[in-house]
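The data blocks that follow each hold one structure.
Presented sequentially are two complexes of subunit A, the first with subunit B as partner and the second with subunit C.
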Partner chain A sequence: MRDVAVIGVGITPFGELWNKSLRNLFTEAALAAIDDSGVDRIQSMYVGCMSSGLFVGQEHLAALAADYLGQRHIPSTRVESACASGGLAMRLGYMEVASGMNDVVLVGGVEKMTDSTGPEATFGLGTAADQEYECYHGITFPGLYALIARAHMEKYGTTREQLAMVAVKNHKNGANNPNAQYPFEITVDGVLKSVMIADPLRILDCSPITDGAAAAILCPVDMAKKLGKPIIKVIGTGHATDTIQLCDRDDPTWLEATYLAAKQAYAMADKKPSDIDFFEVHDCFTIAEICVMEALGLVDKGKGGPAVEAGKTAIEGKFPINPSGGLKSKGHPVGATGIAQVYEIVKQFRGEAEGRQVKNARIAMTQNMGGSGASTVTHIFERE
Partner chain B sequence: MRDVAVIGVGITPFGELWNKSLRNLFTEAALAAIDDSGVDRIQSMYVGCMSSGLFVGQEHLAALAADYLGQRHIPSTRVESACASGGLAMRLGYMEVASGMNDVVLVGGVEKMTDSTGPEATFGLGTAADQEYECYHGITFPGLYALIARAHMEKYGTTREQLAMVAVKNHKNGANNPNAQYPFEITVDGVLKSVMIADPLRILDCSPITDGAAAAILCPVDMAKKLGKPIIKVIGTGHATDTIQLCDRDDPTWLEATYLAAKQAYAMADKKPSDIDFFEVHDCFTIAEICVMEALGLVDKGKGGPAVEAGKTAIEGKFPINPSGGLKSKGHPVGATGIAQVYEIVKQFRGEAEGRQVKNARIAMTQNMGGSGASTVTHIFERE
Partner chain C sequence: MPTPSRYWREIPQRYRYEASRCTGCGKIFFPPRLVCSACGSREFEPTKIAEAGKVMTYTVIHTPPQPFVDQAPYAMGIVELDDGVRITGQIVDCDFSELAVGKRVRLEFRRISQDGKAGVIFYGYKFVPEI
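And then the complex of A and B:
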C-alpha cells in the first residue's frame, strides 16, 4: 500500500442555497478542489451522498456528477452510509490510491436538502435509522439523540448547561468560518431558552438542514512531492459499524462504532489520542460531540460534559474539537460533512484558517458518523 | 495487487416476494454465500443497491445489512450506480482484497421493488436518468430504450423480430434456472403480440420489476488454495461512465461506457472477446443486449441483430450470452443484478448450471450497466 496525500480541497458555502442545484453544488466544490490541487486531470472519483433519491429524486449520482464535472468516461462511484457518506468516499479514494489502482482520485460529498419541505427532510433523514423498527414508532433523529442525552445525564450527571456549551463553543469557532451556515455566536442562556425539539434537546442543540458540497484530491505522496505541494499525508483510516437500532445497544451512551473506527486509525497511524493536535467530529447534536470525545478516548466515559465546561475542547484548549464550527454552526449537508472535515484539516495545516487557527497543528483526526452511531469513518492526517 | 478468487456464492429466488423484506433478502443471499464458501468470518462487506430510499424508505443500508447478518462492527459500505450497483460492489470488494486491506470480503446486491406501486417503481427507476433534463419531460426507461431501439432499426436495419429473438433466447435459458422470476419459454410471435409499452418495445422486450438478492465471497487466491476451494479468479475489472443524458451522445446506439469498461477488463486480463467462453450481460431491454454485444466487440457495429438471428448468442452458439436467462427471464432486482451475474458464472464454472450449462467454459465476462448506459462495470473471470 502506498502513502497517500491530500493535495487540493474545495468547498461551497453551506446554507439554504435555493439558487444552486445538487449538480451545481458538487461541480462547484469539485472544480475548486481540482484548481487548488493544480492537477490537470483526475482518473477516478467517489461521491458521498446520503439520499439524493429522497431529497431531490436523483439516483445514479456518480455518473451524473462525473458528466457535469466534464469528466465523463472516468470511473465514478457513489457511496452511502447516511451522514458518514462523505467520510466513506474519503476512505475508498484513499484505498484506490494506496492500492496503486489509480494515482489521482477526487473524493467529494454533496447534499441538497432544502428543496424538500420540513416533513420530507425529516422523513429522509429518518431513513438513516431503522425504518421498520424505529421510525415506524414515530421517532425521528432529534428523538433518538434526546434519548442518548437523557441517558447520559442520568448515568453520568451531565448537565443541560454542558450540552449547551458544546453549541456555544462551536458557534464561537464557526463565527470565523466564511463558509458556515450560521457564522455567529450564541450563549448558553440562548440555547436554554431556544425552542424545545425533543426533551432535553432544543433547536440550538441541533445541526441544521443544509445544502452544500466539499471535495478533495488525493494522490500518492511521491507524486505530491514532485508537484511541489505541501505534504499532508493520510496516516490512518478506520471504518466500523454497530447496531442500526439504538435500543439494541447495551449502553446507548457509548458509540462502539466510533470507538472501533478510532482504534483502527490510531493503530494504523501509530498514534494515541494525546498525539492528535485537533479533531473534526460529528456534532449532529450537542450530546453527540460529548459521546464522541469519550469514544475517541479523549476523556473517560461520562467525562465529556465536564471537559467541555473546562474549556478543553476550545481552540486554545487541551484537545480542540471542531475549529470549523462543526456541524452545528458550519451546517450539515449530510453527504458533504465528512469531506468538509477534511477541508478544514487542510486549511488548518496550511495556516489558512483565519480567526479559528489551531496553533502549530501537525496531526489531526476526522470522525464522521451515520445515524445514531451505526456507522463511523475516521481518518488521521499528518503535515510533514 | 494480489490475485483474487471467488470462493462462495448465494442467491435468493427472484420474483414478487411479498413475504420477504429488504433485510430478509440480503441476509438470505449473504448467508448462502458464506455457507457456500466455508469461511467462518468475513472482514468487510459491500452492498450494491440502487434505491432502498425510494423503494422502501431505508437508507444507511450497509450498516443495517451488516447488523442483520450478525456482522455488526465490521466495515460495511453501500455503493450505488443505478442498475450497475451490484457490479460496483463486486469491483470495490475486488479492490479491497487485491490491495491487501482485507482478506475475506462479502459483496452483495439487493433490491426490494415490489413494495412500491407501479407508478412509484417507475419513478424510482427513472431516477437513474437525468431527473431535471430527461424525466422532467415525462420520459421513463422503456421510453429511453425505445429511442435507442428505433435509432438502431433506422441506422442498421435491425428488425422487430431480431429484438424479439433476444427475449426468446433468454427465456429459453431462464426456463432452466430454478431462481428465475419467469422460468418459461416464449415465442417471437408472443413477443410481437404482447402489450405495447413504448414503441417499438413491448412488454416482453422489458425486464420485470423484481425482488431479490445475491452475494459472493472474495479472498486472495493463495487463501482459496489453502481452503481447498476450486479456483475461480477475477482476472479483469473495468468501470466507466458516459453522459447521463441519452440526447448528449453522438450516437444513441453506441454504449461508450460499456466499450471503455470492456476495454479496461480485456487489457487487464490480457484477453480478447474471442477468448471469452460466455457472457452475462445487462439485457434490461432486448435492444440493450444487441447494443452491448456490439460495444463488447463481439460483432461489428450494427451487426447485433443478425448475430442473434443466426443463433450465435445461444448456449451452444459462438458466444453464448446470458445462459442464466438474463434480466429478461431471471428478473432484474436492480441492485442485485451485477452480483447475480457473478453467481451464474460460478455455477457454470462448477458445472452446476443444470439444463443451461455452457460446455467447457473456463473464461467468462460480466457486463452490468446503469441507466441508459451512463455507467458500466465489467469483470472477467477464469477457472483454473
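And then the complex of A and C:
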C-alpha cells in the first residue's frame, strides 16, 4: 500500500441555505477542494450522502455530482452509511489511492436537508435506525440518544450539567468558525432551560438540521511532494459495525463499533490515544461525545462527564475535542460531516484555524458515526 | 409507514410475539433470524418471547415523528424481558414520575399509530407497569 496525502480541502457554509441546491452545494465544495489542491484533473470520486432520495427525492447522486463537477465519464461512487457516509467516502478514496488503482481521487460529502419539512427530515434521519422494531414504536434519534444518556447517568452518575458542558464547549469553539451554522456561545443554564426534545435531552443537546458540503483531494505522498504541497498524511484508518438496534447491544452506553474502529486506526498508525493532539468526533448529541471519548480510550468507561467538566476537552485542554465546534455548533449536514472533520484537521495543521487554533498540532484523529452507533469510521492524520 | 403486505408480514411478531430459539446455543431472537449472531448456527425452533421484564433505560419523547404527534409526550424504553430478550417500545399507563430503571413491566397488545384519518391502524405491543 502507498502512503496517501490530503492535498486540498473545500467546504461550503453550513446552515439553512435556501438558495443552494444539492448539486450546487456539492459542486461548490468540490471545486474549492480542487482549487486548493492545485491539481488539474481527478481520476475518480466518492460522494458521501445519507439520503438525497428522502430529503430531496434525488438518487443516482454519483453520476449527477460528477456531471455537474465537469467530470462526466470518470468513475463516481455514492457512499451511504447513515451519518458516517462522509467518513466512509474518505476511507474508500484512501483505499483507492493506497492500492495504486488511481492517483488523484476526490472524496466529498453532501446533504441538503432543509428542502424537507421538519417531520420529513425526522423521518429521513430515522431510517438510520431499525424501521420495523425501533421507529415503528415511535422512537426518534434524539430518543435513542436519550436512552443512552439515561443509562449513562444511571450507571456512572453522569450529570445533566456535564452533558450541557459538551454543548457549551463546542459552541465556544464554533463561535470562531466562519463556516458554522450557529457560531455563538451558549451557557449551561441556557442548555438546561432549552426546550425538551427527548428527556433528558433538550434542543441545545442536539445537532441541527443543516445544508452543506465538504470535499478533499487525495493523492500519493510522493506526488504531493513533487507538487510542493505541505504533507498531511493519512496514517491510520478504521471501520466497524454493530447491531442496528440499540437494545441488542450488551451495554447501551458503550460504542463498540467506535472502540473497534479506533483500535484499528491506532494499530495501523502505531499511535496510542495520548499521542493524538486533538480529535474531531461525532457529537450528534451531547451524550454521544461523552460515549465517544470513552470508546476512543481517552478516559476510562464512565469518566467522560468528569473529563468534560475538568476542561480536558477544551482547545487548551489535555485532549482537545471538536475545535471546529463539532456537529453541535458547526452544523450536521449528515453526509458531509465526515469530510468536514477532515477539512478541520487540514485547516488546523496549516495553522489557518484562527481563533480556534490548537497549538502545535501534528497528529489528529477523526471519528464519524452512523445511527445510534451501528457504524463508525476513524482516521488518523499526521503533519510532516 | 408499512404497506398492507409489509404490515401483514410483521403480524406474527407484532400480535403473537413469535421468536426463534437457536438450537445450537439456545439464544432467543426477536424478530427471528436466519443465522445465529452468537454461534453461527442456522437451525432454530419456534418460541415466543417472555411477556414481562424490567426497564433498562427510558426517555419521554416530546418531539415525535409524524404518526405519533397526537400521542406526545409519551414514554419509551428498552426492556429486558425475563428470557433475556431486549426490545424497544412505549411505556404507557404510567406517570412519567414513576419511570425508573429496573421497573417491572409487561407487554400488552395496543394500538401503535394510525396512518392519517382514513388510513390503516397499526397495532403491536406496548409496556405497562406490572401490578
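Keep this in mind: the second predicted complex is superposed on the first by the 384 of 384 C-alpha atoms of A that agree within 3 Å, B and C clash if a C-alpha of one lies under 4 Å from a C-alpha of the other, contacts with A are read in each partner's own complex, and residues count from 1 in each chain.
By definition in this document, contacts are C-beta pairs under 8 Å (C-beta built on N, C-alpha and C of every residue); 3 or more make two chains touch, one makes a residue touch a chain.
Small disclaimer: the values here were computed from a predicted structure and weren't measured.
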Per the overlay, which chain contacts more subunit A residues, subunit B or subunit C? B
A:123 in the overlay: touching subunit B, subunit C, both, or neither? Say first, second, both or neither. both
Scan A:150 for contacts with subunit B and subunit C and give back first, second, both or neither. second
Taking the superposition as given, does A:132 touch the first partner, subunit B, the second, subunit C, both, or neither? both
Go through the superposed model and pick first if A:227 touches only subunit B, second if only subunit C, both, or neither. neither
In the superposed arrangement, does A:196 touch subunit B (first), subunit C (second), both or neither? second
Determine, under the contact definition given at the top, whether A:61 touches first (subunit B), second (subunit C), both, or neither. first
Of the partners subunit B and subunit C, which touch A:72 in the superposed model: first, second, both, neither? first
In the overlay, answer first, second, both or neither for which of subunit B and subunit C A:310 touches. neither
Based on the A-chain superposition described above, do subunit B and subunit C contact any of the same residues on subunit A, and if so which? 123, 132, 135, 243, 245, 248
Could you pull out which subunit C residues touch subunit A in their complex? 2, 10, 31, 37, 56-69, 71, 74, 76-78, 86-90, 96, 101, 112-113, 122, 124, 126
Looking at the complex, which residues from subunit B come into contact with subunit A? 1, 21, 23, 50-51, 53-54, 56-64, 66-68, 71-82, 88, 92, 95-96, 98-101, 123-124, 127-132, 135, 239-245, 248, 256-257, 260, 370-371, 374-375
Could you list, by residue number, the parts of subunit A that touch subunit C in their complex? 119, 122-123, 126, 132-140, 142-143, 146-148, 150-151, 154, 195-201, 243, 245-248, 252
